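As written, the chain order gives the labels A, B and C, with residue 1 at the start of each chain.
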């Protein structure tokens, strides 16, 4: 599904990523963990196309997407959320989610200006799908007309997930989906992630600090430290990997 | 408590006029606009036409500044292009012996297309850097456009500094040779423009514009190509400004390059800020204020000082100061403009008598 | 070899551009606001200079030494000096010293007060909001300042005294004569000195460090104990003072007129060309545009000069979007 092949990235002298390589299998949840500053978010930015790697390639569905811009990758079926919530704050929840459908709508400038006819039909169809597939699913129907600024942090995270799901993505990348949430909210979010995987068959890539969540829902875990990939494997293997333990607890001696 | 807002279908919920007060307001405006040419005096027609012409341009500016969040200070240049293109196309067609009745159907789309193309050209810097660079690029474009209109090289087409006599369009054999007749055309296009832009913003393209304004990287991740949409936004807004220019050309007997200088660009921006950026009705409120304030000043100063030469000399600078003060005042105290004030008013109406504000 | 003559003219004009550009860059560096009204502040500065150097000294109640300070030795030396010689120019200039000093002081103080007012009452309330709002305020200022100018000064282009003696020099440059007016040359020197001083001051004084800190991150600077409003006021004062000097020089060169306001837009174009936050880039751009304008004037005639900077900036930002020396902003996602 997604292959990251020997990716190197540096900002000036700072080496953010050094030779990261892994595969994310279709329909599975792959977790990326690592201490702060390990390069997790940089890796996400490389995969979604914001940063150009100095070396290495990103393969998505067996196709090299390394040269594509973020919007082209979205059209190919990648979708993501951001660590510090990148919703459109001036818009309502509904408009945010509608923007998630952008890649699936076809209206051109002329039909948009005219509206009545094809654009209207398409809009109503999209609205129906959003309402039935996404809003009901994520239980946010009570806030659909609310502006983003009026929502709590946890709800904003959920709306961002809704927007990403509205793209009906093949690959969903979640950057710290439960950061800053309490136990209950975390449990809710974990349920939504698992449901999304089960219901839409989406491949999920997850960056998270909450070890319990990662160990519970991921089929595979990749561990980064100082830009290097120090381990990958099943959650169980990772939990007993000496490199990982050293990275998190500090080396003995 | 909000009453009268129950919706039973998505169609109903997606409508623009989704409550009774909005409906009443808009239908009254339309009725007034239709009734105007039958009873109003020439002065009222003049004012209404000025509002209409400027409104079309401000709606266009709103697309770029208000919705897409790209600062442009040179839209008067596109108005100029529209005005001159439409006149030149009329002249050229006349020269070729094409019948009059065909002219406007070529000239109007032609003028809009020319404006849109130049809009794309001027909008190119918006792709590379945001904000301020674009403002200066558009400002520069405005200077260059006026310069090219004025220089001798093109004066056989543009009339140079002396201005250009404009055509009277012939629609279906009806020659619009009085301001009252052109008013009808302007009114139709004003309403059409507002409606079209409003439509734009309930479909994917308009939403993409707003997304770019709000958070461009987030828009990109959803598949919005910044390159394509910023240029589209520029093209649409330039085309509407071109339409406004064409209306001005039809309305006035003569156009002069100095009508389209920086001062007009600033007026367009002022109208937008006063009315409310990124709001459908913003341009309407703003334009009415910007067109009427100088008139009120004229009347007020006439009442205070008589029609002396001193009063006439003082009027221009005072108008300038008032324009500037309106921009500054609204930015400081009511950044979302009159739209925001009207929103509060409508919300209060909607909830009355149970709650206020 | 007329070329050399035009290049020199261009460099002298370029230095003035650089002087004006300081004001825009200083304000941008500290507040992230591009002041669209800077040209109009310069225009006000020029009119203030005109008021204090010409209008007031010529009033009947003004002391006579203010308008023309001619002690015995100056009058005698003036009679003795050869016509059009540098000495004659010097003694022509000396009687003007009081009015020049008075005019410059008036222009700098007046512009400074104006800048402080703008900063305190129009800019500071917007602190922390998007700089789009602040930029719009400066756009509104264009109208306000231009209106006030027409309200207060109805007279049109008048001549004002040069800041320095103005002898005409004729140099021989590989066999071709080159003319240089002393005042233009001296204003180039003055502009370059002020430019150098301000850049040095920003680099090495603690106030300069504060300005740079604020430009990086307002709220962090605030929480580190830097008095952000004072930094803003300082930046606006620098802009006002350099603008007033530039206004005085410009009005002596071209006469006082409202078109000085439009001049600011060409400088804005130059600043963007140079890269907004880079003094070196802006200096280079100013010189390039000065020379470019002179060459355009030479080859294509005076009318094309007015759009030369605008065409140049469009080309530069299409090719190098961050200007000649500007740093691209790295966006953190």
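Here, contacts are C-beta pairs under 8 Å (C-beta built on N, C-alpha and C of every residue); 3 or more make two chains touch, one makes a residue touch a chain.
These numbers were taken from a predicted model, which means no experiment stands behind them.
> In terms of CA centres, which chain lies closest to the overall middle?
B
> Using each chain's Cα centroid, which is most distant from the centroid of chain B?
A
> Measure off the straight-line distance from the CA centroid of chain B to the CA centroid of chain C, and report it in whole Å.
35
> I'd like to verify one number: the distance from the centre of chain A to the centre of chain C, where each centre is the average of its C-alpha atoms, in whole angstrom.
Between these chains, centre-to-centre, one finds 51 Å.
> What is the distance in Å between the mean C-alpha positions of chain A and chain B?
So the centre of chain A lies 41 Å away from the centre of chain B.
> In chain B, what residues contact two or more other chains?
217
> So which bits of chain A are touching at least two other chains?
Each of 50, 82, 86 in chain A touches at least two other chains.
> Spell out, as numbers or ranges, the residues of chain C touching 2 or more other chains.
Within chain C, residues 333 contact more than one other chain.
> What residues on chain A touch chain B, complex-wise?
Interface residues on chain A, with respect to chain B: 48-50, 69-72, 74-75, 79-80, 82, 86-91, 95, 98-103, 105, 107-109, 111-115, 119-120, 122-124, 127-128, 131, 163, 167.
> State the interface residues of chain B toward chain A in the complex, per the touch definition above.
Residues in contact with chain A: 10-11, 13-14, 196-197, 199-200, 202-208, 210-211, 213-215, 217-226, 232, 236, 278.
> Where on chain C is chain B touching in the complex?
My answer: residues 34, 36, 122, 125-126, 129, 132-133, 135-137, 139-151, 154, 262, 265, 268-269, 272, 276, 303, 306-307, 309-311, 313-314, 317-318, 321-322, 331, 333.
> Note which residues of chain B are touching chain C in the complex, please.
By the definition above, chain B touches chain C via 69, 71, 73, 124-125, 128-129, 131-133, 135-137, 139-141, 143-144, 147, 151, 217, 262, 266, 269-270, 273, 313-314, 316-328, 331-332, 335.
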